[in-house]
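Below, chain A partners chain B and then partners chain C, in two separate complexes.
So, the complex of A and B:
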């Protein structure tokens, strides 16, 4: 039985080259793992985590369930390409095994089986194999057709933006598109020449005259082999490297590998993460800054730049760090962290000296129930601070306003800029100051501070955002309000919502004084106000574009007041909004029976001003 | 040294030679943060600044230093910043102050 023909060479050489390059690259990345991480791999290998990882590979790398959940059509496209191809490879191997009775037949024999064995009618169950293989091929072809449509008309796949690829990635993409139509053609021509074939190849084969098919059969197999070879050769250098890398990453995650600090896109876990990005573009549509800036800095582009090793210096500083892409990434790449690490590399020369910071060496201070921390942005919103204080007084809670006189920044802005060391010093000083009060709870009005207090400070007392604390006071009946007919739109601050998963308490507070509106982008999907401290180099103009878009979403149903829970968001939205923007503490205080008349007049005034404008 | 006489004093005589004061570094900062050129020196940033309450940090002044090539003064003052961003919210010209401070404190002599 002949199992060789020169046309298999392009495929086989490409395939071998891919294996060698992959092996070398992975070996280099594996060398970057620390000793502890290597131990974790060795231990994890023989636990149930490995089995769970295999299950996850099936669900994510083949079926793409996460993408399916966010966008069924897009998920179906990825699934039919990946799972269909997997079925083709698996089916081809089983079929060739069945044909020869030898499992160890050459790789190319299984791939180009239809050329070597055009007629299989002499075998039992040959129809089952044929049907299975051609069904898988049809599945992949549907995927390719969808992928092609995606490039022509995005709206059919229910997306607004698709990733723009560079030259290398485009070449790999075109090679991938060609593989399966060529396979169909080659198999159909062989069917036309020698008979046999399943429902797909036989139907196409009927259209091809036999004499022509016998003559030109080989050309199609050559072309199919070339497209495969080119794709495999391009794979380790293009975004398609994500196909094998994502699978390895799933195993590494299951084995609980700890990420190393610092920016090392060619070492250890970070290398696997960065190269797992398929550039699928799910992060594009959700980004609040998409099409609002001169340079596209979205994660799909940013990760690609990190991989290439240039261009990321500019884009990493632009991102607002709102966390939206991190939330939806189907591969689960830790994009926020990657940005911080990149910034720590870019600004590694920046030096800070905060030896001037006030307050230290306090062993005892007057005890109180609540320590109130309003943060830097609280200073720009004295009304919010005043409202919170009034509310605490109304509820009869004893409190101390910690940073009324001297305030130290919580350290998160420093952290977002990649200067973790300097941030740590500020955090230590703040921790000393907070714990010196021996209070029962720390309440902060700023979500930026809230997130870092909760995640990094390791305080011994509970940390609450003022929305949580106010809701508790309302729930306990210490603050009583009547529900009015006010239409209220709530803006989820990034650091409170996605950052700290605090969605309900502010909504409950707002719902207790008015009618909370449902928005098209809320909770996990809420937009950034446009001034997140994450962004370093976004220009004023670009920020304003983002804010305008966010306001459009917020004011779609003509709310009386836009409510937020972040002094930064409030200040930013206020600048451009026609509708009154307020913090929920102010809302709660101004709906107090003694103030409500004044409040309704304020709303009337802002409405009048909006009409005049 | 400047000496005090009759209620006023002479400033030190300073000549600024931009060829000596590494204009590439300065141009690099201005290139990476062009919004610095929009600064009108109104002083809002300094009025807001917590670090400026305790130290000499005045951002509008840093910007002037930058254009005069006073690299040492910049390094000395910029390192006090906490990057909290209050200044940026009050800036009427939309200068990316936090980014500028990061770039300024990265300047090496």
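So, the complex of A and C:
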């Protein structure tokens, strides 16, 4: 039984080259791991996490379930390509094993089995094998066809694809397109020459004259082998590097590897992350800024730019930091962190002067139940602050409003700009100030502050967003309202919803005074107001386009009021809205019985406000 | 509506502010039948709200009286409380529709709908509608006229007033990039008037830059500094909040001295900018006069040099502050120019 023919050489050499290159690249990245991370790998290797990772590789790298859930067509395409190919490889191996009784037969023997063993009719169950192998081939071919039409449609629709195709990408792409049609042809020609074949190859085979087939059979196998070899050779230099890298990443994540700080796309976890992005584009569809800006900055493009090492300086500053793409990225790339590290790299030269910060030496302070922190954005919304204070008074809660005394910016805007060192200084001082009040709880009206207080401050007291605290007061019966017929649309602020997973409390507050509408994009899928502090460089015009679109979604069912829970969102939406926009604290205060005269079901914009007489 | 004599042409003028009144006067003097329409009960537009006028501090009544006398004519008919919402043309005849269903026909139309003031509630950080001591320039005029009372104890000592320029103008966030032109000089006018009423008071103006474009304005600005000792601080106000003693506290950055300024005030006046009163929309061959939305622009003339009073269709004219911020003298001159264009249009048609 002959198990070798020179035509297998292109495949085999390409395959070996890929293994060597991958090994070297990964080894270099591995060297970038910190001591702690290496220890984590050593420990994690022998835990159930490894098994779970294998399972996840199956679900994500082969079946692509996450992509399938967000975009079935795209998911099906990836699944048929990856899973189909996997079945072909596995099936080939099993079949060759069955044939020879020897599991250790050469790699190429299994891959090109149909050439070496065209006729298998003498074996039991050969039909079952054939059927499954050809089904898998059909599956892959459908995937290739889908990928092909996707690309074709894109170029017909002239969708601007900033993914510049370098040589490696092009070679890998064309080779990939050719591999499976060539396999089909080679197997069909062999069937025509020697008989055998399953439902696919046999039906193609009958169209081919036998004499011609015998003569030209080898050319097709050579071509098939070349396409495989070229693809493997190009893979480590193309975006298909994501296929093996994504699998490694799954293991790394299971072993709880921590991201290192700093911008290191060629070292450690970051290297594995940026090279795991298949450019699936799931992040494009959810981005509130998609097609609204002159330059596309979405994660798919951004990650690609980081990988290429240019262009990311501009795009990293544009993103709104709304968190939508983080939420949906099927690979689970830590996109927000990657952007922050990029920004730090760009902004760390800037030095800030902190001499303005108020001192922290305080002799005497009154102790209250609540420290109220309204922050820089609160200053733009005195109406909200006033409402919260009125509500706290109504509920009989003692409080101190920090911003009237000595508050410092929470530090998150600086953090978002990449000035982590400076932010740290402000946070430390602010933390001292807050704790000096010895209050039971810190309540803030600003989701931007809320997120950083919770995530980074390590305060010894609970931190509550005002929606949470107000709901608590309603729940305890300290604030009582009657539910009205008002139609209310709630806008989830990015930093409160996706950023801090606070979805229910604001809804409960709103629901206690009126009718909460269901929106087409809400909770995790809600749109950014357009003015997230996260973006450093979007133009006013681009922001306004985003805002207009968000307002369209919010007002689709003609609400009486658009309610939000963030001073920035309120300010941004309010400017452009025809419908009244208000903070939920204002809504709650305006529905106080003593204000009810002012409150009718239908309201005009700015109706709440007392006329100046 | 009114009976028609074939030789006598009719013009409909939308808006009876200074521009509309002036155009009505000139056209009626030239044997044109005028149909003057305003959504308000009184004529005079914004002029009717002002106390004294820049640049010469003349009582606004004097000018208003002249303009109102101009329309006391047989061939001028005034429709009050009618808001025009639609204009269309068929067979050379114009047809105007109002919100309440009235239809008015004419041979030509002049749009003189003027402006609205920017809604100061939108700059919530300045506290309008929240702290009574925060008023707009428009409110202050009515206080000067005695129609409303001072929002502070006016017998108090050491009074301090702040005036904020560019509220809702030159502010991309508000959707208005343009300068409202008249508010700088209005601020100077109002500051002087405040000093006349309260000689012991201190008045601060927070400005970005002073735009003294008209005749006599720069002189008024000089006088404000030398004779009335008004303090001009270059810098944008960041916020207003209540102070301990129930007055107002404002924070600003003095960009000339390069340091932050914190002041306690008894009253803060917001120089609200001008925004369009209507936004035109072409739909099915008719022009609709919509309520302006965020960022709506003023009505644009066909040519800023040669056709300042024309708008897209023969027989449709535009005049006054509906084209953008303007002072009363400018608006009056513009209305006269528009009247000539209307007369030319009629003459050319008869020939």
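Keep in mind that, in the parts below, the second predicted complex is superposed on the first by the 573 of 613 C-alpha atoms of A that agree within 3 Å, B and C clash if a C-alpha of one lies under 4 Å from a C-alpha of the other, contacts with A are read in each partner's own complex, and residues count from 1 in each chain.
One rule holds in what follows: a contact is a pair of C-beta atoms (placed from the backbone, for glycine too) under 8 Å apart; a residue touches a chain by one contact, two chains touch by 3 or more.
Note that the coordinates shown come from a computational prediction; the quantities given were computed from them, not determined experimentally.
Visitor: In the overlay, answer first, second, both or neither for which of chain B and chain C A:321 touches.
Guide: A:321 sits against neither chain B nor chain C.
Visitor: Is the number of chain A residues in contact higher for chain B or for chain C?
Guide: Tallying touched residues of chain A, the top partner is B.
Visitor: With the two complexes superposed on chain A, say which partner A:536 touches: chain B (first), chain C (second), both, or neither.
Guide: first
Visitor: Taking the superposition as given, does A:426 touch the first partner, chain B, the second, chain C, both, or neither?
Guide: A:426 sits against chain B, while chain C stays out of touch.
Visitor: Go through the superposed model and pick first if A:413 touches only chain B, second if only chain C, both, or neither.
Guide: After superposition on chain A, A:413 lies in contact with chain B alone.
Visitor: Thinking of the overlay built on chain A, is A:380 touched by chain B (first), by chain C (second), by both, or by neither?
Guide: Both partners.
Visitor: Tell me which partner A:574 touches in the superposition: chain B (first), chain C (second), both or neither.
Guide: Touch partner of A:574: chain C, not chain B.
Visitor: Would you tell me the residues on chain A in contact with chain B in one complex that are also in contact with chain C in the other?
Guide: In chain A, residues 379-380, 540, 571 are touched by chain B and also by chain C.
Visitor: What part of chain B is in contact with chain A in the complex they form?
Guide: Residues in contact with chain A: 32-33, 35, 48, 50-51, 54-55, 75, 79-86, 89-90, 93-94, 96, 98-99, 102-103, 105-108.
Visitor: In their complex, what parts of chain C are in touch with chain A?
Guide: 119, 121-122, 124-125, 127-132, 134-136, 139, 148-149, 151, 172-175, 238-241, 293-295
Visitor: Can you check the complex and tell me which residues of chain A touch chain C?
Guide: 379-383, 386, 404, 540, 544, 571, 574-578, 606, 609-613
Visitor: Over in the complex, which chain A residues touch chain B? Could you list them?
Guide: 317, 347, 349-354, 356-358, 376-377, 379-380, 407-409, 413-414, 417, 419, 426, 531, 533, 536-541, 543, 568, 571-572
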